[in-house]
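These are the structures, in structure tokens.
What follows is a pair of complexes built around subunit A, which joins subunit B in one and subunit C in the other.
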Partner chain A sequence: MRTKGFAKHYYFMLAPGFVWLILFSIVPMFGIVIAFQNYNPGQGVFGSEFIGLETFKYMFTLNDTMNVFYNTIFIAIMKIIGNLIVPLVFALMLNEVRYMGLKRSIQTIVYLPHFLSWVILGGVLLDIFAYQGPVNQMLGAFGVDPVLFFGRADLFPFLVIGSDIWKEFGFNTIIYLAALTGINPALYEAAGIDGANRLKMLWHVTLPGIRTTAVLLAVLSLGNVLNAGFDQIFNLYNPLVYSTGDIIDTWVYRAGLLNLQYELATAVGLLKSVVGFILISLSYYLAYKFTNYRIF
Partner chain B sequence: MLRSKSLSSKVADVVLISILVIVALTCILPLWYTLSLSLSSKTAAAAGAVALWPVDFNFDSYKQLLQDGQFFKSFWISIQRVVLGAGLNFIIVPLMAYPLSKTVKDFKGRNVLMWTLIFTMLFNGGLIPLYLTIKGYGLMNSIWALVLVGGAQTIVFNIILTINFFRNLPKSLEEAALVDGAGPWYILFKLYIPLSIPVLATISLFSIVYHWNEFLYGLIFMTREEFYPLQTYIQQLVVSVDPSTMTEDQYKRMSELSNRTLDAAKIFIAMIPVLLVYPFLQKYFIHGITLGSVKE
Partner chain C sequence: MKVNKSVWGFLAIIFILLLVACSNEETATDKEETDNSTTKSTEPADPFGKYEETITIAIGQEVDPSDTSLQDGDTPLDNQYTRHVMENLNIEVEHAFTASPSNYDQKVSLAIASNDLPDAMVVGPVELRQMVEADQIADLTEVYENYASPAIKEIIDSSNGVALDSVTFDGKIMALPNSQAGADGVHNLWIRQDWLDKLGLEPPETIEELKEVAKAFVEQDPDGNGADDTIGLAGPDTSNKLYANFIESTNNLYGFDGIFSALHAYPGYWLEGDDGSPVYGSILPETKEALEVLREMYSEGLIDPEMGVREDSGESIISGNTGMFFGPFWMPYGPLTDAVKTNPDANWQSYALPLDSNGEYTPHLSTTTTQFVVVRKDYEHPEAAMKILNNLLANESEFDPSIGGPGYYPLRLVYAPADEMEVTTVALREVLAGTKQPEDFYDMPAYKLLKSDVDTIFDVKLEPYDNMAIQYWDIENHLGQWTRAYSALVGTAPLVDTEINGVKSLIYSQTKTMEDRWVNLKKLEDETFLKIIMGTEPLDSFDQFVEDWKQQGGEQITNEVAEAVQ
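Take a look at the complex of A and B:
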């Protein structure tokens, strides 16, 4: 090949991007040593005293952090389940619609919330579920007393889970719809000739046709078990719902940046990063094992 | 799909379409409600009289919004951030994707570099180390903190998408160029980039939406409101109350006291840029959601 000596040029092409990533992704990683230090902002990372695993031991004695871990995993797992099932059902229903114009209009509408930020949608949801908002008006028509939705710790996790599914289900149908278009139409014809009705076709043709996709999505979502959604919860929560709604990321934000407990916040953040990294690597490995999926 | 004309099938269709339409409406009505609220009078909003249509239709909120200098300052900061962020993304991504799309045979260092890149995507040091690093760089209150930190966290995903696209371009194109004596820069800029408009449009749209929607870095890296990007500014509209002493009554009063019609107007205006690029998003994002692919 005539590509001898190209490597030098390749390194030139890569250099600016790598400098960027080193400065803004890799250098910050070294800050994790704070978790093992008695960090003194005046002396910085290099001058602070090393205390080993003290902070981690302390972390596990705090009820606060244990509660936050629980909330995170509960909300994240419920979201994962909902975000796998709801889009699947919606895609299957949409797949049965034969009016192309209607199908496309519905798709256009349900994709939209995915692209709006949680700042915006948080504001919208707080309005909708406000004490005198439309949801309470509707409930009032049925004689239900107004509920202070986002002030109730017992309701908060479910509002978070539900609104996340609401925001993302449309977008998540795309992958299923792509898989559905990949099913060979001849299979439906053959089933029709054999006398299968729509339900039978759904069961014997459609579902087997998207099984690989569903398994793949389920495996990949393993990487999200510690991601309960910082942006969403940060824009919806308030002190009344900390007991059930506070998650690792929001807790780290408050402990570190508002209360200046740098070591503790770094330790909790580090624990999350490490476990998250293991989970996501595992999910990629399993996805490759089961479905031959590779990200590059 | 086969067309069956039985009555039960028709009934099923009607039920199916009704459900789909209702679900689609739940995606759009909350946004519509926000618009109605912003066009209603304050008293109507406070009394909870607004439902689907504005009550006492007026533009007072928007007139009031015009007086809010900080809103426009923040809007302008967000525009700058989007232009710089998406611009940088557009330049760096192809420069990195091209060498990394080569096989190890053509580019020896490729795999090590690729895994380094993947590592920066999957692992991070957490919020506190990031905050302290940026502070150490002296980038507090600089728009570059927003552009470079956010960009570094999203660029690897975009690079992988582009690598996958480059790899699917016909090999013979490059070989022909090589025969003609073309160098790597020529191949990248005159051959690959012009052929990669769909994927470059996709990653640019991702970058635009990301930088427009992101609010957390504005909150932690900007110490004064005058430097806030728009989403951070809107996020901060909620009055902060001492968390430890907040009661349910206070929370309720807080949501009643806030100027809901004005807030709704701000939320709606902040939504508009995303709505403007939405048609393009719809056209291109299908490429983007399937990050990886199943390969033989």
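Take a look at the complex of A and C:
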């Protein structure tokens, strides 16, 4: 390929994304200043009084701070693990289905929820798990007392994790299936001639064949290690489950937008970014070390 | 090298474009501001004066998407109210934003935070304070003095200075306060009288009796459908509170206000302690006792098991599953209209119950002023907001709520004499009893709906005129009037017939430290109490709450309240 005919149109195609990035990701970074100010919206970022680290001191006296950090990391990591393993297993099982029509229909059905927003799914889930909803009626048939699922702080994180995996696994399955079709059939034939059974083929041909995809998905999802899913939790939670279900994003939303505590919300948001940055750098390094895979 | 240069050139272009876009916007607003400062309003001070040229006002408005009252072809921006404002005042109303009731506060907060304000909007006390400090809103001292209609001034003065005090900062009137009927702040017991009658029960006078009634409602299948689907006492949904508090002292739906009050617990209120200094009601032992009662009721299944999780507790009232709830007099404007439409036998009656151990009714009382109209600084016609409100109070009885609910009136604030509902109830009773004629009540302009109330009462009330049970009303004939009359004759009746030994909060506004700390203290309180009632935390976590509350700023706030009260 020659560099002389420099492809300007590539850069034009890149432009909208670039503008978006600058406007919504880079410019807002200057808002971090608010965390160190007694922010006054009438005077804006430039006119507000500077108060140093006071907000951070107050932040660490709050019971909530550590709690929401813990919730966020717990829910996010469980989601990442679940969203890697479940679709992988499902894709491997689906791959063994020989009847094409069945395979296709299952594939389509399981990834439908991916296209529904949490506003809709939230309402559906609340109804399904309601006190007199279908799940409790089923439990009732076995003589179990009805459970107020979305009022139970101990169950809430698992409902969140479970429903998120249920919503997303179909979509990730497709990525794995695509990777599976990319494996050269000759490898399976060769393995068969060497006397490998189905299980051995899975272990020695299939899994190594999609390892890169799995690692890629894992590394990409690490970027979300502190994003436990605002829209999902926001549509499902209530004050009863704040203790285990409240995550940084929902907390910041309530503090900053509902309760006008701009400094505190910004400070927590900033802390999230710092911790997130460290975690992502670390996991990126680990991914490189163990699989020799890097994005940059 | 060449490639690199192109990349940098490309980046530079993008940055320049961005800069140009941003600076364009700034020059535009600068220009606007200079324009504003040069135009001075030259209108003479006439509270109802019509502008010679049409002016526009961009407002933030609450629009309930489930409200279907607008007649065909009307919109939130084009209806009987906006047309009236246009014709009488020559003011064109525009929307800077609209939001559903549950999202309105959030939209307001967003507007404040981004400093992107509508010309005028309705806000609460917390937002008002915030905007005054941010210097975002106009000084309305002159507007109020020159343009407020005599009727509005009379109502505001009737609050003994409370209304004006709440909007006065450094001697300047920064917002237009509302003044609402005291009945908004008393939360009566609403009960399915038909269920009581069917089970042979009496309205519960005490907490013990209330428990018995709730138990009967839950266990004895009062709706007779053979299914175990009834709720004794409704609980708060996600948009309501366990009890009204000093900042939001009115209109709490499905809370437990009545139970707390009957036990002389006033959580959320600032009370006078034994030594005379202020103390916060939520940390007193009475509140713990009341929580224990509620906790037992919940564990026995007498309270809606899904309280706190439900999106809308009104739904189970409409569907006929709920037997009792606490709410203000205007509940017919809420779920009860739909409830009787669904089931014409749903005979909801209201009582000033339960009573305390001395047999007295001791509810908490509200402040008269909870909502404010603010005007953006630099808006060139600040008096327009005042005129719109003057126009509302002067003409409210002309509007027909059945072709567009009152909420569609732009910048609507409630202006009502504190005893509006009680006076209405008494007047309607006298007209029904024949002791007075409707004409006797025509000359009371401050009671703006009274004339239409007494004129139309015979359209909706059937004989016998002294029996308020649901079967003696003609709902079909005029739903809008039924709502109003039922709210008066049923909803407000207990307030007229009962001697009320109410409790007021020492203050109804925030202090300095509350601005930063209150939200988290309140969250601590709400979460702890909800969990204690629902049994996920032991009752004694109350003591831990009291300690935490004091430590995390409560003590400091108590001192501030003491200073403010002096």
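We adopt the following convention: the second predicted complex is superposed on the first by the 242 of 296 C-alpha atoms of A that agree within 3 Å, B and C clash if a C-alpha of one lies under 4 Å from a C-alpha of the other, contacts with A are read in each partner's own complex, and residues count from 1 in each chain.
Assume a residue touches a chain if its C-beta (ideal position, glycine included) is under 8 Å from a C-beta of that chain, and two chains touch if they have at least 3 such contacts.
Since we're looking at a predicted model, the values are computed, not measured.
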| item | value |
| --- | --- |
| Touching partner for A:74 - first (subunit B), second (subunit C), both, neither | neither |
| Touched partner set for A:56, first subunit B, second subunit C, both or neither | neither |
| Partner chain in contact with A:256 - subunit B first, subunit C second, else both or neither | both |
| Per-residue contact with subunit A, leading partner among subunit C and subunit B | B |
| Subunit B versus subunit C as contact partner of A:17, first or second or both or neither | first |
| Which superposed partner A:64 touches (first subunit B, second subunit C, both, neither) | second |
| Partner chain in contact with A:235 - subunit B first, subunit C second, else both or neither | first |
| Touching partner for A:40 - first (subunit B), second (subunit C), both, neither | second |
| Touched partner set for A:130, first subunit B, second subunit C, both or neither | both |
| Subunit A residues contacted in one complex by subunit B, in the other by subunit C | 3, 6, 11, 18, 23, 44, 126, 130-132, 148, 151, 238-240, 242, 256-257, 262 |
| In the complex with subunit A, residue positions of subunit B that touch it | 1-4, 9, 12-13, 16-17, 19-21, 23-28, 30-31, 33-34, 37, 46-48, 50-51, 92-93, 95-96, 98-100, 102, 106-109, 113-114, 117-118, 120, 122-134, 136-137, 148-149, 151-153, 155-156, 159-160, 163-164, 178-179, 181, 183-185, 188, 209, 212-216, 220, 231-232, 234-235, 237, 241, 243-244, 246, 248, 251-252, 255-256, 260, 263-264, 267, 270-271, 274, 278, 281-282, 285-286, 289-296 |
| Residue numbers on subunit C that touch subunit A, as the complex places them | 2-3, 6-7, 10, 14-15, 17-18, 105-106, 109-110, 112-115, 126-127, 130-131, 133-136, 229, 238, 305-306, 308-309, 311, 516, 519-520, 523-524, 526-527, 530-531, 534, 536, 548, 552 |
| Subunit B-facing residues of subunit A, complex | 1-3, 6-7, 9-11, 13-14, 16-18, 20-21, 23-32, 34, 44-45, 90, 93-94, 96-99, 102, 105-106, 108-113, 115-117, 119-128, 130-134, 136-137, 148, 151, 166, 170-171, 174-175, 178, 185, 188-189, 192, 197-198, 212, 216, 230-231, 234-235, 238-240, 242, 249, 252-253, 256-257, 262, 265-266, 269-270, 272-274, 277, 280-281, 291-296 |
| Of all residues in subunit A, those that touch subunit C in their complex | 3, 6, 8, 11, 15, 18-19, 22-23, 40-44, 58, 61-64, 126, 130-132, 146, 148, 150-153, 238-240, 242-243, 255-262, 264 |
